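In the two assemblies presented below, subunit A is common to both, partnered first by subunit B and then by subunit C.
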Partner chain A sequence: MKSKVDIAIIGGGIIGLMTAFELAKRGEESIAVYEKRYIGSGSTFRCGTGIRQQFGDPANIQMMKRSVEKWKTLGEDMEFPKFKFAQTGYLFLLYSEKEVENFKKNVQLQNSYGIPSRIISPEEAREIVPGLDISEVIAASWNHTDGKANPFLAVYGLSRALKRMDVEINEYTEVQEIMVKDSRITGVKTSKGEVKADIVLNAANAWAKILNQKLGLDFPIEPYKHQGIVTEPFKLGEIKPMVVSFKYGGAYLTQKANGGLIGGIALKYGPTWDLTPTYEFLREVSKNFTKIIPALKYMSIIRQWGGYYAETPDHNAVIGKIEEIEGYYLAAGFSGHGFMLAPAVAEGMAELITKGHTSLPLDFYDPYRFKRGELREQAIQMG
Partner chain B sequence: MRIQEHPILDFSKKRGRKVTIYFEGEPIEAYEGEPIAEALHAAGIRILNYTHEKNRPRGLFCAIGKCSSCLMVVNGIPNTRTCITLVEDGLRIERQHGSQPLPKDYKPPSWKEAEKREADIIIVGGGPAGLMAGIKAAEKGAKVILMDENPLLGGQLVKQTHKFFGKRDQFAGVRGIKIAEILEKEAKEKGVEIHLETSAIGIFQVGEKRMVAAIKKNKKLMEFYGKAVIVATGAMEKMIPFENNDLPGVYGAGAIQTLMNTYGIEPGKRVLIVGAGNVGVILAYQLLQAKVNVVAVVEAMPKVGAYFVHAAKIRRLGVPILTRHTILRAEGNGKVEHAVIAQIDEKWRPIPGTEKRLDVDVIALAVGLRPSIELLHQAGAQITYARELGGYVVRHDERMETTVRGLFVAGDSSGIEEATTAMLEGKIAGLSAALFVGKAKPDTYEEILQAQRDLDEFRSGPFGKHILEGLKKVMIK
Partner chain C sequence: MSENPREKIIICRCNDVTQKEIEDLIDQGITDIEMIKRITHIGMGPCQGRTCIPLVASIIARKTGKKVEEIEIPATRIPVRPVPMGALVGDEDEE
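Right after this comes the complex of A and B.
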């Protein structure tokens, strides 16, 4: 482990790794990532894999548009073609006039940024996903350029690329303290020793608050337990897009590349550090999923797990330069949609760190909005 | 083929009513009380499904619901474990080709709340350990519920036709099948509530109680609430790597015993056994009892692992035990037709020129077991590796309690040993759980101590040395 680096990144999740990748691509030569367990072990490996541009505000729409462009070429970019962005779409099932009204507004906004989303009929929805029960569905919001990606392959591909680019990845290395002198970053104190650094990025998501508090900083990011399930595999292609139903449990579900179903519902516990899977979740998942696609009642759930949503009051992340401490940056609190945002966030962060500014709308995620009482409209959050 | 005559077992009495099932449209005769895969095997059908990626044929492997090698489409429902799903008149059964499409069903199910049952102690697994735990806990006045995913109680005992060693009060000289009957009768007399064909799917904390969620007969969700849970889920056969080790006809030793001793079905005509430990050698003897030819027993180690008397018996009956030999590959079109074996050197490499091609239709793997710890792991109990005990095992203390308060373990799921130690561990777990839930009187400690002494005594022999080494890694002081 090096004793001095230019940029120290705390957290080996998708945000930390992707930012390291963008920095290295820009010619930064001395970067290290510190991960307290193994890379991906935080929320990244526990996520629902969904990637969508169907948001309800300009900033998230633009960020996601950029992300999708980058997800599409990530396999080539990291020279790991096995990684593929599955552009299979997102389908929101709508059950009431009010829901349809809201989604129409969102679609209009999305269209104005060039996202080809549209409102479709229940029959069209059924053509996309044959197993749907559409007896209560009155319309659906559909965007075929949304999709999903495998977080294990993404992290593996990134780690290989980073090693090639001489970025140091330190696993089982916990950052215990961020070192500061005269309001300037001087390095990090890890469980394996001290490292000098000029710049520190806190990408510890659910755990970001712990290090912030030690510095006397207060940004509202709290860990909530959400859960996911996977079923045994069935024939590929039956549920291509991510299907979302706010009426039935806030459920989201899709088929993975191996044919198993992955998904979850909006049942959360917290703030808590406990990740024990609950029976309540298992039962509610079964109840709600079978309302959406009845034939799922024949499929067995083979895994269930808990993971953190690092939630903020407006469900938007906290990203930016920290004014109190020179050289300190924060990108955390992704509230359940950090995986999809990672490529654009990483690009924005890399630009911010290397150039001091970015063309991406990172301002939207301004860490100081809470203090000023300028909360954003709640981002559309699933699960 | 069905076994008509057997020196110990009388299948004409055991078999239920005749029913007709339909395999890919063809009618097949079966008997009520036997599982689908076993009935198909009796009709000569060995290929049960084809794999997803490589389209390789697969058949039975464990025959006790633990390996998913027997998945088929039953009445339109894919992924059914046919080795533990009982036949019913008129059942439609199809081979599964890779992942199946979702059944065409557009009607949302009406959600039924789970059936709830409550007791002091919930036991998962109805083999010797689970049954003994149930009996002992119920004896102390605890209300006990016991579930097993197989259609019969007794676990691996129901297929053991041989007589047990050990002390008199530990069923010495009694055949396994008989022990199973005695335990079952006793458990029922003591009022243990029994749920068969019921698979536990998870152990959860719900308020103050522990809840075991389970699925009955592949359909019905059940919730079993209790203050303590005992997991006695047994073990599963290990697989070893060799070419075509997935060919139908490569069976776990236990699966062969199930076919032949529980359901009276001939596993094949000519068998090669891999592994000369007690399991392999006893299996050889049982096959001979059922008039099945045992071509050879191969053993990689230089010495036979089984008890001397067992090994001597099969040698007397003309079965060669080839030490320092291993299996190189299975051959056959859709089913085992030949096995190629060879001698190996000190570094376990096959010696060129020693290959032999044997004419066999069954290859029995008796190469060890690994504990079934999935439920314990899911429930949060600490797991550790102990090669001597079969691999990953759960940590526990002298009273069989795991690192999770109120969660106990017994039998092979706490480390691979045998039925006698399983029963002793079951006794300890049952009594300890009864104490834990406040049903047993303090003098129960004396009984626990006695069972612990019996265990120590049983393990003091040459076979126990190994086990004690393993236990050192596992025991919580």
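Right after this comes the complex of A and C.
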């Protein structure tokens, strides 16, 4: 482990690794990532795999549009073609006139930014996913350019690329303190020793707050337990898009490349650090999933796990330069959207760090909005 | 067709992962069972690692010179056996 670097990144999840990748591509030569367990172990490996542009506000729509462009070429960019962005769409099932009205507004906004989403009929929805129960569905919001990707392969591919680019990845190395002198970053104190650095990026998501509090900084990010399941594999192509139903549990579900179903519902616990899976979730997820696709009752659940949504009061992340400490940056509190947003956030952070500004709308995620009482409209969130 | 028998030895029967695939990863420096699990999906199929996890742990031990006991086994997830969703919602015609 080096004892001095230019940029120290705390957190070896998708945000930290992707930002390291963007910085290295811009010619930064001395970057290190510190991860307290193994890379991806925090929230990235526990995520639901979805990547969508169907949001309800201009900032998230633009960020996700940029992210999708970058997800499409990530396999090539990191020279790991095994990683593929599956552009299989997102299908929101709508059951009431009020829901349809809201989604029509969102679609209009999405279209104005060039996202080809549209409202379709229940019958069209069933052509996309043949197993759907559409007896209560009155319309659906559909965008074929949304999709999903495998977080394991994204992280593995990035780690290979970063090693080639001489970025130091330190696993099982916990950052215990961020070192500051005269309101300037001086480095990080890790479980394996101190490292000098001029710039520190806190990308620890659910854990970001712990390090901030030691510095006397308070940005509201709380860990909530959400859960996911996978089933045994079945015939490929049955559930290509991510299917979402707010009526049935705030559920999201899709078929993975290996044939198993992955998904979750909005049932959450917290704030808590406990991640023990609950029987209540197992039952509720089955109840809601079988309402959406009745034939799923024949499928067996093989795994259930918990993970954090690092939530903020408006369910939007906290991203930006920290004014109180020169050289300190924060990108955390992704509220369940960190994986999908990572490419655009990483690009924005890399520009912010190297040039001092970015053309991406990172201001929307301004860490100081909470203190000013300027909460954003809640981001569309399920799971 | 390959002459290498390690390509024919299946370590994970749920996801058809061979001994060679595991050893190749270790040769590339990926010795953490957690990462091997995510890359190959060992331990994540219907049997939940009952067969493959001890085998992978012993391959890692042999190739890295560690003791099998030193290799931390990934978390065991519920349910212990696959459960049909129909059974969980109390559906009568569950097969």
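Everything that follows uses one rule, which is that the second predicted complex is superposed on the first by the 383 of 383 C-alpha atoms of A that agree within 3 Å, B and C clash if a C-alpha of one lies under 4 Å from a C-alpha of the other, contacts with A are read in each partner's own complex, and residues count from 1 in each chain.
The criterion applied here is as follows: contacts are C-beta pairs under 8 Å (C-beta built on N, C-alpha and C of every residue); 3 or more make two chains touch, one makes a residue touch a chain.
This one's a predicted model, so the numbers in the text were calculated from it and none came from an experiment.
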> In the superposed arrangement, which partner chain does A:Ile265 touch: subunit B (first), subunit C (second), both, or neither?
Replying inline: neither
> Touching A:Leu282 in the superposition: subunit B (first), subunit C (second), both, neither?
Replying inline: both
> Who does A:Ala379 touch here: subunit B (first), subunit C (second), both, or neither?
Replying inline: neither
>> For A:Glu238, using the defined touch cut-off, is the partner it touches subunit B, subunit C, both, or neither? Pick first, second, both or neither.
In response: first
> Should A:Thr290 be classified as contacting the first partner (subunit B), the second (subunit C), both, or neither?
Replying inline: both
> Which partner does A:Ser300 reach: the first (subunit B), the second (subunit C), both, or neither?
Replying inline: both
> Touching A:Asp133 in the superposition: subunit B (first), subunit C (second), both, neither?
Replying inline: first
> Which positions of subunit A sit in both the subunit B and the subunit C interface?
Replying inline: 232, 277, 282-283, 287, 290, 296-300, 304
>> For the complex, give me every residue of subunit A touching subunit C.
In response: 37-41, 45, 152-153, 155-156, 171, 230-232, 258, 277, 282-283, 286-287, 289-290, 296-305
>> Which residues of subunit B touch subunit A once you look at their complex with the stated criterion?
In response: 52, 77-79, 98-109, 111, 114, 202, 204-206, 211, 213, 221, 378, 380
> Can you list the subunit C residues touching subunit A in their complex?
Replying inline: 15, 32, 34-35, 38-39, 41, 44-46, 48, 75, 77-79, 82-86, 88-89, 91, 94-95
> Can you list the residues on subunit A that touch subunit B in the complex?
Replying inline: 131, 133, 135, 232-236, 238, 259, 276-279, 282-283, 287, 290-291, 293-300, 304
